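First chain A sits with chain B, and in the next complex the same chain sits with chain C.
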Partner chain A sequence: MSVIIDRFDVFAGGFWLTLQICVLAAIGALVLGAVVAVLRISPVPPLRAVGTAYVTVFRNMPLTVVMFFAAFALPALGSNADFLRIPVLDSVFTRLGTDLPYFRFALIALVLYTAAFVCEALRSGVNAVPAGQAEAARSLGMTFTQNLWHVVLPQSWKASVVPLGSVIIAMIKNSALVGFFGVVGDLSQTADQLTSAEGLAFVPVAIGVSIGYLIMTVPLGALLDRIERRQAVAAR
Partner chain B sequence: MSQQSVLYDVPGPRQRRITLIASVLIAGALLAGAYFLIYLPLDEKGQFSMDLWGPLVDPGNEYFSQVWDRLGAGVKNTLTAAALAIVTSLIVGTLLGVLRIQLKELNRRRFTGFATPVAYLLRGLSMALSAITRVCVEIFRGLPVVLTIFFVARGLPEFGVSMDTLWYLVLGLTIYNSVVIGEILRSGMEGLPPGQREAAASIGLSATQTTMIVLLPQAFRIMLPALISQLVVVLKDTSLGFIISYEETLNIGKQIIGVLSNPIQVYVVIAVLFIVVNYSLSKLAHFVQHRLSRGRKTAGLPAQQPPPAALTAQSEGGGGVS
Partner chain C sequence: MRLQRFAAVATATALAFGLTACGSKDSDGGSDAGAGSKSFAAGSTMERLNKAQSIKVGTKVDQPGFGLKGLSGKPEGFDVEVAKIIVKELGIPTDKIEFVETPSKVREDAIVNGTVDFVVATYTINDERKKRVAFAGPYYEAGQNILVKADDAGITGPDSFKDGTKKVCSVTGSTPAENIKKSVKDVATQVVLFDTYDKCITALDGGQVNAVTTDNVILLGYIAKNQGKYKLAGDNFTKEPYGIGVKLEDKDFRTFINDTLEKSFQDGSWKKAWDDTAGKFGAELGAAPAIDRY
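So, the complex of A and B:
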C-alpha cells in the first residue's frame, strides 16, 4: 500500500487530468446535447430528422469506435482539432493548447458520444411534462420557442436532472478510455504506466486508481439518489 | 414517422419556409460530408482512386475477400464475447439482485423464533452481509468498465491465473454488468407494490416461492426496457477488447488499417456494422416491450405509471449508457 503514498503525486496528477477532461467534456456535451434535444422536439421535420439521426448513430456506436475515429481518422483528414484551442480556456486547461492533439481528439469523441445521451435525458424530461401544459401554453398563443422557454423547459428540468446526472456519471467512467488513446497522464494511463513500464505491484496501483474514480462517481451517485428520493416525496 | 408534438401547431407558411430552407441546408451538408468522406482521403499523388475504398466495397479488389473474411471473424468474436458476457452477467446479476432483496427482507425480520442472543447474532449477520454487498456493488458500479477489464487482464496473471483473452473480456464485462443488472432487477422488484408480497404471504407462499412465482415475473416486465438497453451496452462494450488485444471487430479493423492505411473507410464500415446490429436490437426491444405492455392491460395487474403523455416521439428504452 505504500505505493499509493509514495507515488501520491502521480495518482493526484492523474486524478487532476481526468477531472479536467470530465469538466470540459461535461460542458461540451451539455451544450451540444441541449442543441440536439431542441432539434429533436422542434417543429421543423428536417431538423427533427437530423436530431434523430444523430442520436441513433451515436447511441448505437461504441465509444471506442468514436474515439478511434477521432484519434486516427481526424489526422488522416488533416485536422488537428485546433479550433479547440480556445484562448482563455487553454490557459486554465493547459492540455487543450498542447501540440500533441490527443487530448483534444479525446475531448471531441467524449462530447460527441455523450451529447446523444444528454439529448435523450433532456427529451425524457420534456416527455414527463403533462401534455396539457404545452396545450395550454399554445392556446395562449405562445410560439414554439416561448412555449419551450417559459412553460415546458422549466418543468422538464426537474424530471431530467436525475437521468442527466447518470449520463454524467457514465461519462466520467467513459473518460477512462482516453488513457488508451494517447492522452498521457490520466488515471487509466497512470495505471498502465505504473504497472507495465515501472513494474510496480498491480494491486496497490489498481486500488489507487480505483479510488480516484470512486471519488468522482460515488458521491455524485449518492447525490442523485437523494435528489431522486426528494422528488419522489414531492410528487406525492 | 414521428408522432405529432403538441408543442406546436399545424405547420403554417412560415414553418413551411423554415422547413424548406432547413432541408436544402441539410441536404447540402450531407452531400458535402459524403464528398469529404469519399473523395478527400486521396492517395499520395493527390489522386482519387478506389485504393482506399476498394478493399471494402470492390469484389474485384485483391484484398476484398481477405478483408471481409477477417472482419467476419472479428464480428464472430464480438458476438461470441457478447453472448457469453450476457449469459453470465444475467445469471450472476439475477443472483445478486435477489440476494440483495432477500437480505433487505431479512433485515426487517426480528428473528422472533430464536433465543435472544441468537436472534441478535442472526440480525447482525444479515445486516453485515447486506452492507458488504452494498459496498461491493457501489465500488464495481462506480468503476469504469474499461478499468475492470484492464484490471482483470493485468491482475489475474499476477496471481498465477492466465486465460485466453476472450475470458478476460467476458470476466471483466460480467463483473461490471452483473452489478448493473442486479441493480436493475432490485429497482424493478422495489417498484412492485408491497401488496403483492403481502398477498403472496397471506396465501401461505414461502419467501422463495413469493420471489420466484410472484415477484420476479412482474419485476422482469418492469425492468425489461432497462435490461435490454443494458444488453446493447454489453455488445458495445465488447469493443473494449482491443485494450487486451482480443481479436474483435475493432481490433481487426485496426490491423487492416495497419496494412492498407485507410482509417476513415474502415471505421465507417465498422461503425455501420455496430449501428445496424444495435439499432435492430433496440427495435426488437421496443417490439417486445410493446407486446408485454399489451399483455399487462389484460392481466389486470396494478396500474403501472402510464407512459407520460407524448409531447414528442416516444422515447427509446431506458437510460443505459456505456
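So, the complex of A and C:
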C-alpha cells in the first residue's frame, strides 16, 4: 500500500489529466447530445432521421472502435483535429496548450460516443413530460422552439438528471481507454507506467488507480441521489 | 511433434548416461522422457519440476522473432527456443511446457506468485527489477534503436530529438520509453505512447510521429515484414541484456539455468535456436554474452 503514498505525485498527475479530459468531454457531450436530442424530437423528418442515424451509429459501436477511428483514421484523412485548439481552453487546461493531437483525438471519440447516450437520456426526459403539455403549448400558438424552451425542456430536465448522471459516470470510466490511444499520463496509464517500467506490484497500483476513479465518480453519484430526492419532494 | 519428442528423449537419455549412474529405463520411447532419468538435489525446484513432468513458462505473444503467437496457437521465437533448451535439461519433454502470456506489466507478479516457473520474455535485467525477482543469464544482449521511414535522413540517433520538433513513439511503461524520455526536450509533446508497437507503426505511417523506438530486434522484425519501407537510424544506443526471471530466493534454480545456458552457448543449440527464429530477420547474434552470476 505504501506504493500509493510513495508515488502520490504520479497518481495525482494522472488524476489531474483524467479530470481534464472528463470535464472537457462532459461539456462537449452534453452540448452535442442536446443538439442531437433536439434533432431527434424535431417535427422535420430529415432532421429527425439525422438524429436517429447518429444515435444508432454511435450507441452501437464499441468505444474502442470509435477511438481507433479518431486516433488513426483522422490523421490518415489529414486532420490533426486542430479545430479543438480553442484559445481560452489552452490557458485553463495546461495539457491542451501543448501540441498533443492524441489528447484531441481522445476527446473527439469520447464526445461523439457519449453524446449518443446523452441524447437518449434527454429524450427519455422529454418523453416523461405528458403529451398534453406540448399539445397545450402548441394550441396556444407557440413555435417548436418556444414550446421546447419554455414548456417541455424545463420539465424534462428533472426526469433526465439521473440518467444523465449515469451517462457521465460511465463516460468517466470509459475515459480509462484514452491511455491506450496515445494520451500519455492519464490515470489508467499511470498503472502501466508504474507496474511495467518500475516493476511495482500490480495490485496496490490497481487499487490506487481505482481510488482515483472513485474520487471522481462517487461524489457525482451522491450528488445525483440528492437531486433526485429533492425532486421527489418537489413533485409531491 | 513426434520428432521433437524423440529428440527430447534422445537428449535426456544421452545426458542421463553422461551425468548419472542410474541409466535410462525408458528406451521404449515412452512419453515420460526424463522422469527418474535425472537426479537433482532433494527439495530443489529442479527436482520438483522433474517429478511433476510439467512446467509453466512465461513468454510474450506479440514480439516477432522472440515470442509471437501465430495461427498455430503456440508462441514461437527465440525466447521460446531458449525456454525449450532449459526445459529439456530439466528432463521434461518440451511438449509438456505450458506457455503463459506474460506481458511486461505482470512479469514480476507472475514470478512472485508462482503463476509461472520462469519467465523468458525479452526481459531486460535491471536493478529496479532485481529487487523483486532474480535473473539468470543474460542469454542475449539487445540494444535500443530507432526506426524511421526509409527516406528519412533527419533522424540519426537519440540526439536528433533534442531540438524539440520531432516526435517519437514507444510502448507505455517500457524501458525504451523511459530511456528516450531522457533524450527529448519536452516529454509531453514529443513522446507518444501506445499499448502496442503495432499502433506506433500505424502512427508512423500516418505521420503522427517521426520515429518508433524500442529494442533493435523488435524493430528488425518490422523492417523484415515491410521490405524497404523502414530503416534503423544509426546504431544501438543502449545495452539491454535479456535475462530469465526466476524467484528471488531460488538461487539453485538460477545457477542451474546459468549452467544450462553456458552449455548451450558451447554445444551450438543456442545459435541454432537463434538461426531458426530471430536470425531469419537478419538480426546479429554476436558472441555469446557473459553470464552474470551475481
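The definition used in the following text is that the second predicted complex is superposed on the first by the 226 of 236 C-alpha atoms of A that agree within 3 Å, B and C clash if a C-alpha of one lies under 4 Å from a C-alpha of the other, contacts with A are read in each partner's own complex, and residues count from 1 in each chain.
Rule of thumb we're sticking to: a residue touches a chain if its C-beta (ideal position, glycine included) is under 8 Å from a C-beta of that chain, and two chains touch if they have at least 3 such contacts.
All figures in this text were calculated on a predicted structure; none of them were measured in a lab.
A.B. asks: Tell me which partner A:128 touches in the superposition: chain B (first), chain C (second), both or neither.
C.D. replies: first
A.B. asks: Given the superposition on chain A, which partner contacts more residues in chain A: chain B or chain C?
C.D. replies: Per-residue touch count on chain A favours B.
A.B. asks: When the two structures are overlaid on chain A, which partner does A:225 contact: first (chain B), second (chain C), both, or neither?
C.D. replies: Neither partner.
A.B. asks: Go through the superposed model and pick first if A:6 touches only chain B, second if only chain C, both, or neither.
C.D. replies: After superposition on chain A, A:6 lies in contact with neither partner.
A.B. asks: Determine, under the contact definition given at the top, whether A:72 touches first (chain B), second (chain C), both, or neither.
C.D. replies: Both partners, chain B and chain C.
A.B. asks: Figure out whether A:184 sits in contact with chain B (first) or chain C (second), or with both, or with neither.
C.D. replies: It touches chain C, and chain B stays clear.
A.B. asks: Between chain B (first) and chain C (second), which, if any, makes contact with A:192: first, second, both or neither?
C.D. replies: both
A.B. asks: Looking at the overlay, does A:100 come into contact with chain B only (first), chain C only (second), both, or neither?
C.D. replies: After superposing on A, A:100 lies in contact with chain C but is clear of chain B.
A.B. asks: Residue by residue on chain A, keep only those touching chain B in one complex and chain C in the other, then list them.
C.D. replies: Looking at chain A, the two contact sets intersect at 72, 76, 180, 191-192, 195-196, 201-203.
A.B. asks: Hey, which residues of chain A end up touching chain C in the complex?
C.D. replies: Listed in rising order, the residues of chain A that touch chain C are 71-72, 75-76, 95, 98-102, 179-182, 184-185, 189, 191-199, 201-203.
A.B. asks: Which part of chain C faces chain A closely enough to touch in the complex?
C.D. replies: For this pair, the touching residues of chain C are 103-109, 112, 128-129, 131-132, 172-175, 177-178, 186-189, 191-195, 199, 202-203, 206-208.
A.B. asks: Which of the residues in chain B end up touching chain A in this complex?
C.D. replies: 2, 5-9, 11, 15, 18-19, 22-23, 26, 36, 40-41, 138-139, 141-147, 150-151, 154-155, 158, 232, 236-240, 242-243, 250, 253-254, 257, 263-264, 267, 270-271, 274-275, 278-279, 282, 308-313, 315-316, 319, 321-322
A.B. asks: Residue numbers of chain A touching chain B in their complex, please.
C.D. replies: Residues 40-41, 43-50, 52, 56-57, 59-65, 68-69, 72-73, 76-77, 117, 120-121, 123-124, 126-132, 134-135, 138, 144, 147-148, 152, 163, 166-167, 170-177, 180, 188, 191-192, 195-196, 201-203, 206, 209-210, 213-214, 217-218, 221 of chain A touch chain B in their complex.
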